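Paired with subunit B in one complex and with subunit C in the other, subunit A is shared by the two complexes that follow.
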Partner chain A sequence: MSATAFSLKEWIFTTDHKRVGVLYLIGSLAAFLLAGIMAMLMRAELTTVGPTVTTNPNAYNVWLYFHGAAMILGYQIPALTGFFANYYVPLMIGAKDVAFPRVNALSVWLYWMGIVLALLTFVIPDPPDIMWTGYPPYSSEFSPGNTSFYTFVVLLIGFSSIAGGINFITTIIKMRAPGITWNNLNIFIWSILAAFTLQIIFVPVLGVAVTLLSFDKYLGTNFFKAAAGGSSLIYENLFWFYSHPAVYVILLPAVGIIYEIVATFTRNRIFNYKMVVYGGFWGTVLLSGVVWAHHIYVSGMPNWIVILQVFTSLLISVPVGLLMVGLLGTLYKGAIEFRTPMLYASGFLFLFLIGGLTGIPNAMSGIYQQIHGTYWITGHFHYVMALSVTSAIIGGVYYIFPKLTGKMYKESLGKLSFILFIIGVNVTFFPWFIMGINGMPRRYYDYQQFPQFEGLQQLSTAGAVIIALSMLVVLIAWLHGLIAGEKSSDNPWGSKSLEWTHTVSPPPPGNFSEIPKLTADWSPYNYGRKQEEGKKIDEEL
Partner chain B sequence: MRCKHYFASIIVSLSLSFLFINNLYAKGIADPAEGWNHLWYELMVDIIIIGVIFAVLTLYLLLRYRRKQPDEEGQGPELSPLAALGWALIPTFIFLADDIFLGAKNFELWNKYRNIPENAYAINLESAMWSWEFNYPEGIKATNELRVPAGEPIMLKMTSRDVVHNLFIPEYKVKWEIRPGTMDTIWFYPKKTGEYVMTCVEFCGVLHSSMHGKVIVMQKDEFSKWIETEKNKIK
Partner chain C sequence: MQEHAIGHELKWHTSVWPLILSVGILFLLPLAFAFYFVYKMPMMSIISLGIGAPLIIISIAGWIKEGLEDAHGYSMGHSIWAMPIFILAEAMLFVGFFVAYWAMRLLSPIWPPAGTPEMPVLVPVIMTIILISSSVTIHFAEVNIEHEDRSGFLSWLIFTIILGAAFLGFSVYEWSELFHEGFNFKTNVYSTAFYSLTGFHGSHVLVGLGIFLSVLLPALAGRINKAFVKSASIYWHFVDIVWLFVVSQVYFW
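Here is the complex of A and B:
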């Protein structure tokens, strides 16, 4: 965003990591908006038993397919590993750009192609209706929809992720400014390193699984066709072998953002840095590859896998618990200021607590007999992925807003958006646990066999309206800040992190006038000077 | 010498735990639904205690350490290596202990689900888009209505004609995926007479949410009468 006139060509062909990041942000917010509209349509449909807004169950199924696929592949992964990673990583490690700027541009192009292809869902005559999980043999033999669209959207966005992964891992290992070591790296950088490690290992598996779906459907192979010796259980294994780690690809950077916000607004050092990094982030990475079976406990898996993965799945509570201990420890003796980003971070602490604890039953194969495939599961992963992560993303954008635009959003609008958000999400999603535990199945267009849940469904829809309002306020706050916001200083939060202390807002191409040289005792969390010392330093300045 | 000592103690404790688990099997028919209710209760107590502790602590920290002066900075402790290790290991072991406890409890329940009583009354189920077809050992066929006698363990031998379905009976806390080409079994233990919902919980196409039926639990003698009349109909 230089002083020169706006040029679309410059934006499309940009290799500047900040602009690439913004392209990711625009795409992911668009996907979020569309997936949100689908969610509102579904909530409207569910307000009464029987048909409400449409008499065509297929329409509902397509909304649901789009909602799931767009939220995960179009909104969350690109917002976190696309926008935040692109914008923050070079700034936080004191680099001029990423290691391979052109590969970076390729990543964002592939992502946009994926988005365009996904949007064609609403144009083509037979849109996919196979849910974001795409289980065969429905998707590979029986569905009237075009499974190929699903396959190619996943492949495009998957390639984008792999290219991004190689780029960012190289950047983080090779391009840190002198003085930035593995012991004073920003927590967010660690979370990105962990997330992309997962992407590089597991995305190919998903790519294989969805490619085989289309092979079966269009080329006549029989990978998943039982009558010809195939097995649909193989797909479920392959799919969840990626898709459970995908949860951490989304969660870890979100936790990373929350750590940055909490450190800045408590002006406190990270509590037990090494525990957070090695125990929390890398512990999660270590376990993530051996827990997929808890999605398919009731699919006829061999008992020995079930028994093994009950334990590994329960063990996830250890690294995730350590991440929580680190966050709470950072609050301890902090100097907390409740600006909008910090409010969202506080909201995250509670939403993630509910989401995490309601995940414990999901690890237990016996308990799972009742809750698999019900609103309990959707309630759990909406608390973890939709709510916690969205509060990290929205809070994170508020946090980065002055750096991104050079202007300040209006604090009152920010706070209003948070209050509506926290009320709306709990009214919408908490009733799901109650319905789920009493047997309400997910992915239901109609629930005439469970008329007792009509009241809770209506409550949930009412909550969704509040969420929609809060998102409207978020949009207004950002647009207002962008157009009419007051000019912000380079470091309005008083952070010690490099992106705030060593460059202007917004940063110019190349980020820093010269590569920062940092002393051995530098840390992005170097807070905690005594009150008097602080005054002295201020006077000297 | 020491090594031997450890080995001996491990072997003894392993065999004791096997005896304990075997003992669980010996107690006649264990109803999974009852086991589920029991474990669910324990689990909720466990989760709510952890949740309340964390929530209260979070709220306290957020309210207690607010910034008073604009230039105030946090005074968080710098941990010594030993304290850092302690702060990592102690929470780890607390979480770990709870995990192992829950994991062990889960196996008890999982065994109840997976050990089908030998005297169970076996009915074949073939699912298709979008209905359930039951075949009784007496040669009777029924669609979307599963009549069973009260007080007898019921086993379903299930396969699918087309796509993956999933039979779910909320009343008996039981569900299992039904897929083409394989025969999977589940069991449940109806005790009270009445009508209960069964429904599909794996997405199976346009009418997925309409794929439901009823489990009708009858008195034993009524059930035998029903079997007889249905048999006569076939003849």
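Here is the complex of A and C:
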């Protein structure tokens, strides 16, 4: 019985965390591809002022819906809390598997059912056209689309997330190998713990919000019907109560991956570990539930809430800032080696800086009144969550590639993909800030009233082609590595973390030949720098 | 191969049930709902239910059997840690519903809004008594497990299931009475909140009964997983506590 021979049965019925992780990866990359095609269609549509590829505005709305929903629910969250969490968590804490392997398999298949349901969008005569936000009363009364599919996609993937959260929180609490304490846990593990804490608390509220949409539309209840005494503001508040923390569900694991990459490629300890964990990750978790109203400043709410949320929204840049300080401190005086994952990590830092800085004015209600509903907002959230996080995900896959496949990708292809990526994203999305600040409204498929933006829109579309090209190179690099790559050693990066030092590539069933026993001075970031030297650098900073 | 030399476990663990359960859920909920309510195809909806429900029942039965046989050597002792986390998520679900209800209620100029009939008082009191008693009986069942008294455990468990079913019976009775008086989902914001909250809570009672049945059936054959019983009981107490919120907010406020 060979553990490496391919057997379909062993894949689709698998309960092994590594294989479940790969199933998540396949699903999320498929969602990424489809959502990317939707984005390309929209970019093509916007190359001329009037209708370009379609004369049907509703088709554009369906693309917009699918692009947003698939990117966030189908690609980013499952790639991070599905693939990376599954692959890394048991390996990093020295466990054979997660606490509930079969629940883990259930999570991934429920997510896949969500994908299947989302794909039906392209088959049914009445695809949802309600954006990923699904605001009533359009979605609950007037939309010709099938709102129930939107509801159930969210519910399936949401339930999958909650099951995953229960699983991983239990695993991290109960299944750490002897010697792994709360003070030498990998940063990535902390980020997953924080992200799943958010999922457990906030996903149910989103579930309620979208359920009520279908109740209103198909069962005739009155939650969002103003005429009967309901209010669509209830939906907006419930929705953003989840969907703002969702940004951190995506961001925190991405930051966790970047920390692993940066520590490995700088051969350095984590700068101010406790500040990063308690200040950065848990500070973000603590504040994330009280900032949602900055998405709906203009929807109508008492001024005192607006003012409060201006302060909390600005305040949350402090813990997020601590995360970035930790990263920069880890880079400082490190022996930086610019392999492909490290390039993507530096790309993350740059893209997140732009995204973060352009977000600060959005938090202030006075400025927000002027820029809401413009390309400024779309530019901001694409930089802060779409681009930076994608940089982390792709870099993370390059980083894990030798462990995942036992083979090495071609460094030149990796570097080429990064160069195309970083050029493409900036050419595509930076013009959005310029258009937005000059008043280009978002969500328009035909911008007759704003012909002056045609040039910038075309520049943006050209950038999108470069992004598509870079993704093609990524795909070639991975497939080439998978099929024809050179055999990799068990620890090609020279990392000190358990998944590299204590098991082979790719890890066998059960991960370790025996559960690792670690001494008190073990740390995943112990690169042999003397304690005093580390302290000296910390003091210098 | 290298892995053979180093790994103790040479086989990948598998289970067919997670995939089958997921497919069952896809048919039972989204597809059946869409066929019936969106596309007005009741026949297709019934077919979809007919595919989904058996798949779910078979896979849950298979899942439990596999777990009790402990085919993979996984310890089930972790469920006692998982249940509180699950309950936190469940609690947030109810928070979402209650917030929607409170918002509608506080925005409303008059309460109860026009169209609301005289609400029953006796039935919810009886239902409360039933549900609280069932929390007591499941506690006795647990005590009996501790004393290794299997028959005592079984009878208290069955008694709990009967109480839960009686609760649901009263719920159905009350709903049909109110429907009869013309008080339905569409009547006004109060009916919207009333049916959503009681219905959502009722669905939890139903799930709780399902969990108890999946404890009872193997237990009749002599197989009891203590950690699982404990988790089931914690879940039931939670459903009970939520009812106190439902009854105080929706009926008596």
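We adopt the following convention: the second predicted complex is superposed on the first by the 523 of 541 C-alpha atoms of A that agree within 3 Å, B and C clash if a C-alpha of one lies under 4 Å from a C-alpha of the other, contacts with A are read in each partner's own complex, and residues count from 1 in each chain.
One rule holds for everything that comes next: contacts are C-beta pairs under 8 Å (C-beta built on N, C-alpha and C of every residue); 3 or more make two chains touch, one makes a residue touch a chain.
A quick note: this is a predicted structure, and the numbers were derived from the prediction, not measured.
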item: Side-by-side fit of subunit B and subunit C on subunit A, or clash; value: fit
item: Which of subunit B and subunit C A:Ile201 touches, first, second, both or neither; value: second
item: Which superposed partner A:Ser231 touches (first subunit B, second subunit C, both, neither); value: both
item: Vertex subunit A, arms to subunit B and subunit C (CA centres, degrees, nearest 10); value: 100
item: Partner chain(s) touched by A:Trp182 [first = subunit B, second = subunit C, both, neither]; value: neither
item: Partner chain(s) touched by A:Leu219 [first = subunit B, second = subunit C, both, neither]; value: second
item: Subunit B versus subunit C as contact partner of A:Lys333, first or second or both or neither; value: first
item: Subunit B versus subunit C as contact partner of A:Ile169, first or second or both or neither; value: second
item: Touching partner for A:Phe122 - first (subunit B), second (subunit C), both, neither; value: neither
item: Which partner, subunit B or subunit C, touches more subunit A residues; value: B
item: First, second, both or neither for A:Pro509, with subunit B first and subunit C second; value: second
item: After fitting on chain A: smallest Cα gap, subunit B-subunit C, Å; value: 11
item: Doubly contacted subunit A residues - partners subunit C and subunit B; value: 231, 233
item: Footprint of subunit B on subunit A - complex, ascending; value: 57-58, 61, 129-131, 133, 135-138, 141-143, 226-227, 231-233, 266-269, 271-272, 274-275, 279, 296, 298-300, 303, 306-307, 310-311, 314-315, 317-318, 321-322, 324-325, 328-338, 346, 349-350, 353-354, 357-358, 360-361, 363-367, 369-370, 372-374, 438-439, 441-450, 527-529, 531, 534-535, 538
item: In the complex with subunit A, residue positions of subunit B that touch it; value: 32, 35-36, 39-40, 43, 46-47, 50-51, 54-55, 57-58, 61-62, 65-69, 71-79, 84, 87-88, 91-92, 95-96, 98-100, 102-103, 105-110, 112-114, 129, 162-164, 166, 168, 170, 173-177, 179-182, 184, 197, 199-210, 212
item: Interface residues, subunit A side, partner subunit C - complex; value: 1-4, 9-10, 12-16, 19, 96-97, 99-103, 105-106, 108-110, 112-113, 116-117, 126, 146, 148-149, 152, 155-156, 162, 165-167, 169-170, 173-174, 200-205, 207-209, 212, 214-215, 218-223, 228-231, 233-234, 237-238, 504, 508-510, 513-514
item: Subunit A partner contacts - residues on subunit C that touch it in the complex; value: 1-4, 6-19, 21-23, 25-26, 29-30, 33-34, 37-38, 63, 66-67, 72, 74, 78-79, 81-82, 85-86, 88-90, 92-93, 95-97, 99-100, 103-104, 107-108, 113, 184-186, 188-189, 191-192, 195-196
